[in-house]
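In what follows, chain A forms one complex with chain B and a second complex with chain C.
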Partner chain A sequence: MSSVNTLKRIIGKLGPLLALVLLIIILTIATDGKFISASNIINIFRQTPIIALMGVGMLCVILLGGIDLSAGSMLAISICVSGCVLKNLGISSMFVLLPVCILTGIAAGTVNGLLLTKLHLPHPFIATLGTKNIYRGLALLITGAAAISGFSAGVTWIGTARVGSPQFNIPVSFIMTILLYAITHIFLTRTGLGRKIYSFGGNKEAARLAGINTDRVQIFCYAASGFFCAMAGIVYVGRLNSAVPLASLEGDLDAIAACIIGGASFLGGKGNVWGTLIGAIMIAVIRNGCDLMGVSSDLQQIVIGAVIVLAVFVDVLRSKAEAKAKRLAIGKTQDA
Partner chain B sequence: MIACTPEMNVLGVHAHPRNPGKAVQKLGDVIMELRNVTKYFPGVVALKNMSFQVRSGEVHGLIGENGAGKSTLIKVFTGVNQPEKGEIIIDGRPMVLSNPNMAKKVGIGCIYQELNIVPDMSITDNLFINQYEKKGILLDYKSMRKKAADIMKQLGQDHDVDMLCGKLGIGVQQMVEIGKSILSEARLIIMDEPTSSLSAKEVDQLMETIKILKKKGIAIVFISHKLQEIFDICDRVTVIRDGEHISCTQVSEMTNDRLIRDMVGRALKDLFPKEETVRGEEAIRVENLKSAGVIKDVSFAAYTGEVLGFAGLVGAGRTEVMRAIFGADPFDSGSIFIRGEKMKAGRPRDAIKRKIAFMTEDRKGEGLVLDASIKNNLFLATIDKDCKYGFIQQKKYERLGAENIKTYDIKTPSLQTPVGSLSGGNQQKVVIAKWVNTDADIYIFDEPTRGIDVGAKIEIYQVINKLCREGKCVIMISSELPEILGMSDRVIVMREGRIMGETERGDRNFNSESIMKAAWGGKLS
Partner chain C sequence: MKKKLLTFLLALILVFSVTAMGACSKNNGGNANDSGNPADNGAGKSVKVGFVVKSLADQYWILVKAGAEVAAEENGVDLTFIAPNSESDVAKQVENIETLIANGVDILCVAPSNDETVLPALQSAVDAGIKVIAVDTDSSLPDKISFIGTGNENAAREGALWAGEQIGEGGTAIILRGRLGDKTHDDRSAGLEAGLKEKGVEILAVEPADSTEELGNNKALNLVNKFESEGKKVDLIITTADSMAKGAYEGVKDKGIKVYGFDGTIPVCELVGSGDMLGTTAQSPYEMGVLGIETAIKVMNGETVEKVIDSGQKVISIDNVSEFLKDLQAKVNRAG
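So, the complex of A and B:
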């Protein structure tokens, strides 16, 4: 009985991972093994970081029970501001441009948090819908709606460099992503602030009455989202060697999808970084697999949409089963 | 303790449960009855062998303390809750009311305290909210308007039925609710504290309407906390206490004092393990606290080593005072002194810094993160204290958590268990432990034992005793008088945002009758 339960629990926890493995097996068969080739796996490693980085930032916000629709725009404004520093001030040092990019992202995220907590806008959907447009507009405005290119090798290094042999190498951006995930995981699970994020997402009022500075927690999370968007932006600049004001138009939706596929709850308080990473890889895998099979991009969208719905449906089933188990457990303690 | 003897219901044969509106009945027949109904909720027996009957054309008062089981009784009648034991008898036949629609079909309507009115819809739309009249596929507004006007007129209301309900006063909105019941041909209308949010004029209007309904042969169950209203409008009154039927009497034979005695009269027995304590220094003093609409000039002081009870009806402003002190809600004016030092109006975290702990009445909504583990809930209020360089000290958590579980006898498989899967009593113990972990000096407990079983209650009283022994100051809001009397050293009675009086253990007024009187607007004497 209990071993069955443990098994169920493990399957429940590893659900997204199992789905990913299943997907990989299917794609491998469908592409006659092309999918699992070394060069293609490297491709997937290359395609994952941008979604994954934006996803983990989004996770911080979703854990609060919030949402950040401005993620794609924050990516754009971060890279465009450093692009402008390059173009207008002629500074090309990575020690200036990278910090400028990151600080811009953090600032943009902080503004989201301030709008929410200090202006008491009713829902982050509204605040970030507003800034989504504002940041995008600003990015277009300061760049004159044109891409800025000519970044130095130092700046593009993160997005382009690889480690390993010519046959099999891993993109630096992917390694950086994993590192940032590990740090975020430790942050969320081991630090007081991380604990406060989960508590706030689980019950805002209980958190406030327990003396938690809820405003600060929220502002931090939105700023974190901005930070991760800027990091994704750095990878983006490396890839294209240019700062494009229309970059990542749908990045926020991909990021949200990664979190949801990874099992984060929209109500807040539930979710973890590894689920989000798997969600991000899953999106990359689907895109990649579809490309390999020559599936058109419109069909790709349909597949990704279906996966999101399916993932959430499985989650609903799971939480229903959990709720039932909870009721049974209460019954037991009362009988005791 | 004897229920009034019902006349034999011989007319049940004539009744047509499927066609309630047309049942053949004489005025004064028993139309609906609960017989020996028992209803359990997790950890509590809400109704115990409860019997209750309603005759057509009568206004039947239902009265009892907060938590006596009135709401559950309503819910059984309206098909929201199904009893575990006992029968619901309608027109002489046992029926199962498995959902609210069924109750509506047999002619039971209910006006809840919280009105179900859509403010942005007209009177007509609200009246016909779930039973439109159609002509072909379109709504037949002509007929609906006419009927709406007719119903409102019957209720003594003269309003344009196209008016948006949001623009009407609460009293008129309530009439619309009553109109809905009439429209669904209700023969029994339950009114749950219908006057609690009405002005004096609106109350008069409601009383007139009740008389009109009565003349139509509709039975009314009238629940109120205002005794005078019971005497004014009701024919019979049933007293319920601890989910049990206590008495059912003709109002003409009832006295004020007996009603109160019936409501509260229970032996304290050994339910309350109160210990003698020594009053120490002043811990907190509140002066002229005001907050528009809810707190009207409240001043009091509480001392270390004592339990200060706050008695009163639900909505008397006790919770609001405590929330203001704790910084959970803002207040307009007044001063709060902690250990003689004036505290600026602040936020909860400022209050916690000043060693105040506040256990809210709504443990699920405000006290716990239900999906989080017991461990994380135990240390919710002390995250900053428990961190070293920003990192949580897991080992400290494990150790203190295990101690907490032992100290408070929290029944759980492990520290990792989500707190939402515990029973109410154990959840409450987690909340208490959370606050004691903050090492506070002043503890405010708002309804600390609501909805939990007797065993857990006593354990919580033991914690209160222990805090007093350690020289802490305990303020306890409770709507259960026996608890107030059983555990407090001093009692403050509040009503409508004001302090009505204060009495001390050993005083002549330290009894339920006096406190109840004050809570209902009398003098504490």
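So, the complex of A and C:
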């Protein structure tokens, strides 16, 4: 009996991964194996990091029970400030431009956290909706609404370089994404601050009464979201060799979708980084697979929308089943 | 305390970087004031022109604005130039038009984001005795005075004819186009198809990439990969906007595929100049702005104007790009 339960639990945990594997099998059959070819797999690896990096930043915020609508705008402002340093100050060194990009992202995220905790804006939706517009507007303002190109090879290295043989080479951006995911995983599960994030998401009031400095935890998470958006921005600059003020217009929604598909709960306190990674890969896979099959982009949107709804629905069913199992177990112990 | 200081410092960095970079756009604000000082145009009363475009989040529209402002200043026209924040914000454009009607302009120059949506607002302008001129994108308003713009279908055809000739008969091409249902892109896409067919180029796919760098990049990678795995070589990627061309180029530059754009933006022109991209069809946004004001003056003087005024296009290749860029840069500088 208990082994069946363990099996069920494992399947429950691996749900998103199983869905991804299933999707890959379906796409492989539907495209006569084109999908699984080495060059296509590399394409997917190239198309995943931007969504995945923004996704893990978003996860930190969603774990709090919050949301960050400014993610796409933070990506844009980070790369555009870097671009302006390049264009107006003539500094092309990666040792300046990359830190500027990252610091801008962290600063932008910190402002979100401060608005929420110090101005006591009632919901992160409001603070980040405001900054979404502010950051996008600033990005357009400082660039004069034009893309900035001419970055040095050092700056674009992360977004363009690949390691491995000519037949099968893995993009550095993907490796970096995996590393950052591993670090975030360790941080969230093994450190005090990481655990505080989960407990805040689980029950704000309890966390506060337990003596957790909840403001600090929140500011940290929003700053982390800014940091990951800036990292995604660095990948963006590399891939497109330019800083575009209108970059990642719908990036925040993709990031939210990746978290949700990966099993994170909007109520906070539930979710893990690997689920988010699978969610991000799933979005990239669906888009890529639809292109390979010649599915039009309007249908692609419908498919992604349906996957989001389905993923959450499966999650709802699962937690209902879990609750029922718990009730039965309690009933049994009481009977005994 | 330390953390507070750190947070404060980061916020400061953001503010600093934004203000420092703001220096590059300080002229923007200055120019806007110029239009507020109408000189006497000899008739004793200056002409009031309202200009509404799709957004100002794109260098293209900023050039339209620059042309209109320069022409307005030269001719002593009282110009109000406004636009929504985004091309998709059709409702805001309707509001813009209503604002200008209430302001009592004599002439309204409009680039409708969506023909049908703004039609009632334009009709009420006509009812209020305002003369309406469509700029860039045509309007189906029966009482409009004139349409000033690129003949999109014809311009795209010209570009495709030239690009098709470079590829040669029997070559293959992928078309990346803007959002489905956008008349401008429908026309350009049709023009591209006609031009390529005329030159005997096989069109492998016509795929929407929504005029963004990211989608242009992803779609190019996925489609090229798809056709290569089917044993078809792709010779040309041709697009209905430079943003997609730039994205596509960054994706396939190591494959030796030629990329041809539409718009004549500075980053793409620079790549054409260095021999990396094949070319682009340049429109004349600056001339559209100038023609808008000149036509308005003619209308107010009771002169008859052409129903359709073609602002012209130019095929930009490595042969004429440096001259074109110099001219464009001068106009951008005039815009601030």
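Everything that follows uses one rule, which is that the second predicted complex is superposed on the first by the 331 of 336 C-alpha atoms of A that agree within 3 Å, B and C clash if a C-alpha of one lies under 4 Å from a C-alpha of the other, contacts with A are read in each partner's own complex, and residues count from 1 in each chain.
In the analysis below, a contact is a pair of C-beta atoms (placed from the backbone, for glycine too) under 8 Å apart; a residue touches a chain by one contact, two chains touch by 3 or more.
These figures come from a predicted structure and were not determined experimentally.
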Which term applies to chain B and chain C once both are placed on chain A by superposition, clash or fit?
fit
For A:Gln47, is the partner it touches chain B (first), chain C (second), both, or none of the two (neither)?
second
Tell me which partner A:Thr191 touches in the superposition: chain B (first), chain C (second), both or neither.
first
Which superposed partner A:Leu103 touches (first chain B, second chain C, both, neither)
second
Now for A:Ala206: first (chain B), second (chain C), both, or neither, which partner does it touch?
first
So which one touches more of the residues on chain A, chain B or chain C?
C
Partner chain in contact with A:Val314 - chain B first, chain C second, else both or neither:
neither
Identify the partner contact of A:Ile36: answer first if only chain B is touched, second if only chain C is, both if each is, neither if none is.
neither
I'd like to know which partner A:Asn88 touches here: chain B for first, chain C for second, both or neither.
second
With the two complexes overlaid on chain A, check the angle at chain A between chain B and chain C, Cα centres, nearest 10°.
120
A:Leu129 in the overlay: touching chain B, chain C, both, or neither? Say first, second, both or neither.
neither
Superposed arrangement (fit on chain A Cα atoms) - minimum chain B/chain C Cα distance in Å:
15
Please name which positions on chain A make contact with chain C in the complex.
34, 37, 39-40, 43, 46-47, 50, 80-81, 84-85, 87-88, 100, 103-104, 106-108, 110-111, 114, 133, 137-138, 140-147, 149, 216, 219, 223, 236, 239-242, 244-249, 287-288, 291-292, 294, 296-298
For the chain A and chain B complex, residues of the former touching the latter:
190-193, 195-196, 198-199, 202-203, 205-213, 269-270, 325-326, 329-330, 333-334, 336
Within their complex, chain B touches chain A through residues 42-43, 326, 328, 347-349, 351-353, 358, 360, 365-372, 376, 380-381, 383-384, 386-387, 390-392, 394, 411-412, 418, 420-423, 426, 434, 438
Sort out for me which residues of chain C touch chain A in the complex.
3, 7, 10-11, 13-14, 17-18, 21-25, 28, 56-59, 61-62, 85, 180, 205, 207-210, 212-214, 217-219, 221-223, 225-226, 228-230, 243, 246-247, 250-251, 265-267, 270, 332, 336
